[in-house]
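In the two complexes that follow, subunit A is the common piece, with subunit B as its partner first and subunit C second.
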Partner chain A sequence: MSRHHLEFTLNGRPCAVYVDPGASLLDILRDDLGLTGTKRGCSEGECGACTVLVDGVPVDSCLYPAVKATGATVLTIEGMGDATRLHPIQQAFIDAGAVQCGYCTPGMVLKAKALLDQDPDPDEQAIRQAISGNLCRCTGYSKIVDAVQRAAQNLGDAATTAIAAASATTTTGVATPAPDLSPALTAGATPPLSAASASQAEAAPSVHSAAVSPAAATLGHVGTSVPRLDAVPKVLGEARFGDDLYVPGMLHAKVLRSPHAHALIRSIDTTKAEALPGVWGVVTSANVPGRMTYGIIMKDQPYLAHGKVRFIGEAVAAVAAETPAIAGEALKLIDVDYEPLPPVFTVEEALADGAPLVHGKGNLLLKRSVRKGDPAAAFAEAAHVVEGTFRTPLIEHAYLEPEAGLAMLDEGGLLIHSVSQGVHYQRGEIAAMLSWPVNRVRLKQATVGGAFGGKIDLSVHPYISLLAVKTRRPVKLVYTRAESMLATPKRHPITVTMKLGADTSGRLIAGEARIAADSGAYASYSFAVVTRCAVSAFGPYSVQNATVDAFAAYTNNPIAGAMRGFGTPQLAFASEQLMDMLAAKAGLSPLEVRRLNGYQRGQSTTLTRQVIGDPEGFLETLEAATEASLEWAAAVGATVSGDPDTAPADSDAPPKAAGHQGGDPR
Partner chain B sequence: MKLRGRGTASIYYGIGNTGKPNPSSAFVEVMEDGSATVYCGAADMGQGSTTVLAQIAATELGISLDRIHVVVADTGITPEAGVSSASRQTYISGNACRIASAQAKEVLLNRAVELLDEPVDNLVVTDGIIHVANDPERSVPISDAAAACRAIGRLAVGSGSFNPPAGDLDPDTGEGTAYGTFAYATHVAEVEVDTETGEVEVLGLWAAHDVGTAVNPQSAEGQIEGGVAIGLGFALMEEVVVEEGRIRARTFSEYMIPTALDVPAIHPILVEEPTPTGPFGAKGLGEPPTIATAAAIANAVHDATGVRITELPLTAERVFLALQGTRLG
Partner chain C sequence: MRCAAYLIAETADQALSLLAELDGTGRVIAGGTDLTLDSKLPETTTMVDISRVKDLRYIEERDGYLHVGALCTHTDLARSSLLRRKAAALSAAAASVGSPQIRNLGTVGGNVVNALPAADTAIALTALRATAHILGPDGPRTADLLSLYAGVGRSTVDTSREIVTGFSFPIPSGSGFQRLAKRKALALPVLNAAAAVWRNDGPECYDVGISVGPVAVTPWRADEAEAVLRGKEPTREAIDLAAHTALTTAVCRDSIRSCALYRQFMVEVLVRRALEAATSAPASATNASGHTAGPATTGNTPGGAR
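For the complex of A and B:
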């Protein structure tokens, strides 16, 4: 394969590099030139994390052929500013609080630059349109939009100042511009580097914070809106995520995954893979010296499939090789002899008599119950009863950063530098797998690009650890987006059948719920999710007579585990719709039914009969959200519905369109 | 026809693991120049825990934030803080950092007692200066106090741990102390439903959250906005379709998450009801913003159309069929 000699201008400097014909611009930037500020999120041009500017135009560098950049001017995040001189857009991202995990940030900053170069004063819709090809899973985009607006303002102000300064004096200040200097910067209007910049100090303390003294605000104490401490490296593209770690002699790992939902493994033959030039090691469950299984609550998941596979995507073997391509070739040379078994794909099937067993025992993973008072008697007395069955699907965390990590032998132990939501938990699992003392495994979290519960369980960790120990070389593994979606735990699909009973006034007196969760092939966090569902079933309301049965079943579906909310978003979808249905039956507004039943100071007991001793802000949230939304409605002249008693008295909004009074199907 | 509707949903969320011990710990060291390093195992995945822990330590020590360095999530250096889940790090690790800071500060204050000849109860720390409460002129900088400690063989270090008051739940009835504190939230959604296509457009979302104390209000707002966006995806578009155990969509072109054009204006509202057991009154905020959104949107769709949809996501197809009186099969 002949390599192409590529010459282009990179961040203001001439650059020459030899590239493979198939290489993307992203490959060259990251792997050959070491510019890791440009992120790889999906490799299909869908997420925008790899955005760079080519001749001022934003492109997805993961799809952009490197050779196409010949003669072009390329700007990456490293060319926007540096630690002594942030670009005004970077400063605006810090000031607006637009940086959270930071994985989308470099692409967003470049997208913002391309927009502001074309349109110095974009409206909100133009900004949203411009960044719509760049995904962010952390911020909800609000503060990113705000950042771009602030940047436009700052750049505009700086330009005005520069013009004034230039007309007043013959000197223009800065003599040695950094690459890609905007006119504002060359005019000496560089914003301060300090995270607590002038504009930030002005903004703090936030209007929302309670009683923060001016001194506390200056000091960055509790109650103050200071920028996050890692905001500067993140806007500069200098934060080191797992995929940004490169060490000399590093090998690259790939994982062979099961194509079967349920099958016995008769044999695994790795000899051909091991003989492939460039391959340094192959591991299967036979290479696990210690405990064979892991799990944050129940140790039921093999590090590498052992005797059997239980879902499509389960790890069966892993390879370390000189390049990712060789590792990928080696996977094809591993022969796995499977004997397919009958699978189960629904909770109902799994719990039926005679169902195929996912594990050696029954498919009922766990059950959690709440029993309180006398629900049968209370329902018999109830004036109003509502019920329904609600279903929610399997949900992907969709963090922008795919799982990544690097493991190496170091100081007589093993050092793992990787994604994590809990280093001590993961360290313990790896030590048990290796049968090493826990203190000989060191797990250091790399900068993590979003997690939302999805990076609590092990991902790359066991494979890079086994391979680093076996090959005695550093081993890095980065999941593809498809692999991340296939192999890691997700939000539980849950079916909730719920019934609520109230007295004539609409006060809840009884609740009943049956909560069925599909845990997929392994337990992961199901114990915590199901337990939380059981004890939180009816939301923030006093229910004195209740029966709740919540359970999870094993199936041969993808694994469900922890995801932001631990089962309660699924429950709220049921219970809060029922509360509205109850309100309608009792002749109350949605606000009234919640106000009537909501936890109040001094009288609150939960489903578990825990007396809540703390001060409580529940009713305050109810009033605050309602009030703010009504103010908005009044301001825009929107029709206010649902809560006529709280509608502004002067509202002359027309009656709602037909259909509003439609019957409830249940 | 386009129909407008409004929906409300309220939630509560117990902070920390349910009915189980889930402790955290931290170390704090105050150096001879008055700067301090905090060591805590809490993983920050973007939610901002490292900054929050630094603010808590700075407040307790009485020094400015820029004098604090925080080292997190490295088992070779930091003590265990448990997993960053269950919305627990601000509340639990925040307490651990505060306790460790207080212990290090106590060493300095005890030295200041000797240097200033005042009882410890009369001493306060403001911006790195230990001074007599009613006589600020009589003071000693923390740096001098730390150096004076060293001179007589004392080091200003502290360690702290905190385990929320939660106990095992009865296996049959669920009875017991499930959590140390509770967070509350109410979301209101305003939607417009196109009856010809079934498309649901969310025009605005109001999210009021009781956070106890907002350690960092801007960061708290960011948590709310991001959580609401995940809730909006859950409500309207997201579903991992699994056929015979096989995930069909494995790319972002097939598994859609909200873009900047899908997310409406989100209005975060911070309600502050300090909890006595939290660090400076703080609760947790990681998960609550995601929980109520889909329910609020579903209630808004019902308010607009009179149709109650019991299955997520509320795709245009599902809503359209529901409006026609049929269910998506």
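For the complex of A and C:
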């Protein structure tokens, strides 16, 4: 295989590089040219994080053979603006609050650039169409649409200024950022910062100093919108996510994963893999010097499978090699002798008599029960009773950034620079694994490209740590999208059987719930999640006589752990449907039954007995949503009850959302 | 992508001679959006990139036919005002593929040679009665579009020796395309359908093309449904009967995207809507394009794009 000499124009400058014939444009931009602003999200054209413009046209650089770019003009995020002169589109993304985790941002900015070059004044539909190949898991897209509209405005203003000023250059959709940059838009910026010195903390205030309002000057930032602290490096593509870390001499790791849901490991032979040229180290559970298992609440999960595998995708061995390709080849040379065992895939199977045991003990992981009042008597008095069984599936967080990190030895011991939602917890687990004092392990959080609970558990950390210690070289590991889906914790699949009883007016007086959660092979966050399921069983509705039994079982499914909402969304799925059923029985509208039963100030919650002090927002949200829906319906001529025959032909325009929300993508 | 070398051809003749030299180890690549993900490619493959062959990227009207070059991207087809006016089914089908990035690279020739039974442009071309034009070592040949399909993902075009150069079809009096998918972008169709009608001066359709995917291992032509309308005026009753005939003659399967039963019922709905679009029949009460919460249906609407 001979390498191709590729010449093209990159961000306005000629570029020449030798490339493998099968390399993608994404590979050479990141690995050979060091332009890590172009993000790797899925490597199969689904997510759009790797969008670049080739001759002004957006393409997925992961699907674009590098050689195809011969003679072409390529624009990446690095060619848009820099810390001293943001491109107006980048500025608009910051101003609109469209930058959250930042992993989709470079692709979105380039999509906006291509759109606005073609259509300087796009309507919302055109913007949504243009960004339809770019996933964002944080914003819900609204703010990105706002940002593109603002950018159109900014560029329009800039063009007017430029034409008035002198001979305006028509934007070509490629080349250097200069033609688009309006002096007016960057005049407020402080003296130039070099890209290298523009750290995340200092870049933001300097660029935004002009935007601080007089009120903010006296009250600080209270009551004003402030730009996200790390928004500037994120819009520039300079933020360093786990996969963006490169150090000289680093090795690349890959993980061998179980093809079996449940099997004994009779033996593992790594000798052939270790003999492969380019391989520096192979580790299995035999190489774990300290504690063998970890877990945020209960230490039941092996760092590397020990004697047994309990789900498809469980880590069995890890390899560090000169290149990812060699590491991949080495995995094929590891012989694992498995003895398959009968697996269990549902909670019902797991708890049945004689079920195969996932761990040595029984499959019942935990149980949480809540009792309040006298539910039997209340149900006996109830005028209306509704009941149902509801199942929700396993859900993957699907953050755009796959797990990635780099571990290396330095004078302080071991430094892990990686994705993380809990550096202190993870550091402790790694120290225990290595049997090192905690102060010899440091964990530095890389910029996190979305997590939603899914990066609280360990992912790449134990493998890169063991391999860095073994090989004495820096070791990097990046999960593939498939690996990220397979191996990391999910939202618990849950089966709920729930019964609600109400008096003649429709007011809830009794509730009963049996909640069965599938924890998968290990406990992860199940104790906390299932506790929340139990105490939040009836959602925001007051039920003063209740019986709730919640439990979690081990199965041979993927691990369930932390995910936004922590067990409450599954229960809302059940309770909200029962509330609709109750409304029908009691002759109330779905809205009325909720108004009647929603918590009010001074009431105590059903199951934790917390007294509601400040309004918790449910009834306010309900009223605001109702009002917004009515406005929307009046505007488009629909009925709020949602009769499909009277809905407009194009009912795609969503009703204006109203509600309380908070938090950030981590 | 697995390959040993990557060559760029500037002309079709150059591509053919490269393929001849490579004697079976070459492989034509155009947009590459499917091929770059093909993990079964032999590592010894030499890619022959034809995407710069300018004279295979055209959309023209000639002698009552529309001619579409194989290297037209989906974006080209979606944006072509000629196609939007005269073969709306094809432009609507192209507009529904993948994402803007995929449409900017992926070509109509590739969509056909990749040989998936619900490839959107192939479904439209099937209803439009398209003929494929192919250039091989023995010179040009033509073939009925459906004859290019040997099974799921298997084309009768030998892309180690031949190049699909384009497609042609008689300009229809009207055509329509409908698609049902879980999302509006980056989602393969649960079901798609296209219809085309050809009329002279009178109201009768002297020919009708109806196709649906994925119903068989290749794009499926609803022969019996076509027969219901052929030679007749496309009244509401006739369209309903044709759509119902499509339902009763299609044999849908379960897949990860949908169960067979749902598909079976939706065949009637999509075929009816495609026929309405093709014949400009008045929209029925059920022609609303669904709620935001439901699966996304897309397509050209009756009365638009004639």
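Definition applied: the second predicted complex is superposed on the first by the 580 of 666 C-alpha atoms of A that agree within 3 Å, B and C clash if a C-alpha of one lies under 4 Å from a C-alpha of the other, contacts with A are read in each partner's own complex, and residues count from 1 in each chain.
Everything below uses one rule, namely that a contact is a pair of C-beta atoms (placed from the backbone, for glycine too) under 8 Å apart; a residue touches a chain by one contact, two chains touch by 3 or more.
In this text the structure is predicted, and so the values were computed from the model without any measurement.
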item: More subunit A residues in contact [subunit B versus subunit C]; value: B
item: Subunit B versus subunit C as contact partner of A:444, first or second or both or neither; value: first
item: Touched partner set for A:129, first subunit B, second subunit C, both or neither; value: both
item: First (subunit B), second (subunit C), both or neither touched by A:526; value: neither
item: Partner chain in contact with A:44 - subunit B first, subunit C second, else both or neither; value: both
item: First, second, both or neither for A:573, with subunit B first and subunit C second; value: first
item: First (subunit B), second (subunit C), both or neither touched by A:24; value: second
item: Partner chain(s) touched by A:68 [first = subunit B, second = subunit C, both, neither]; value: second
item: Touching partner for A:58 - first (subunit B), second (subunit C), both, neither; value: second
item: First, second, both or neither for A:139, with subunit B first and subunit C second; value: first
item: Where subunit A meets both subunit C and subunit B, residue numbers; value: 44, 46, 129, 132-134, 642
item: Interfacial residue positions of subunit A with respect to subunit C in the complex; value: 1-2, 4, 21-24, 44-46, 48, 51, 57-60, 63-65, 67-68, 70, 111, 129-130, 132-134, 642, 644-645, 647-652, 654
item: Interface residues, subunit C side, partner subunit A - complex; value: 1-6, 8, 29, 32-33, 36-37, 47, 49, 51, 75, 98-102, 104-105, 184-186, 283, 285, 287-292, 301
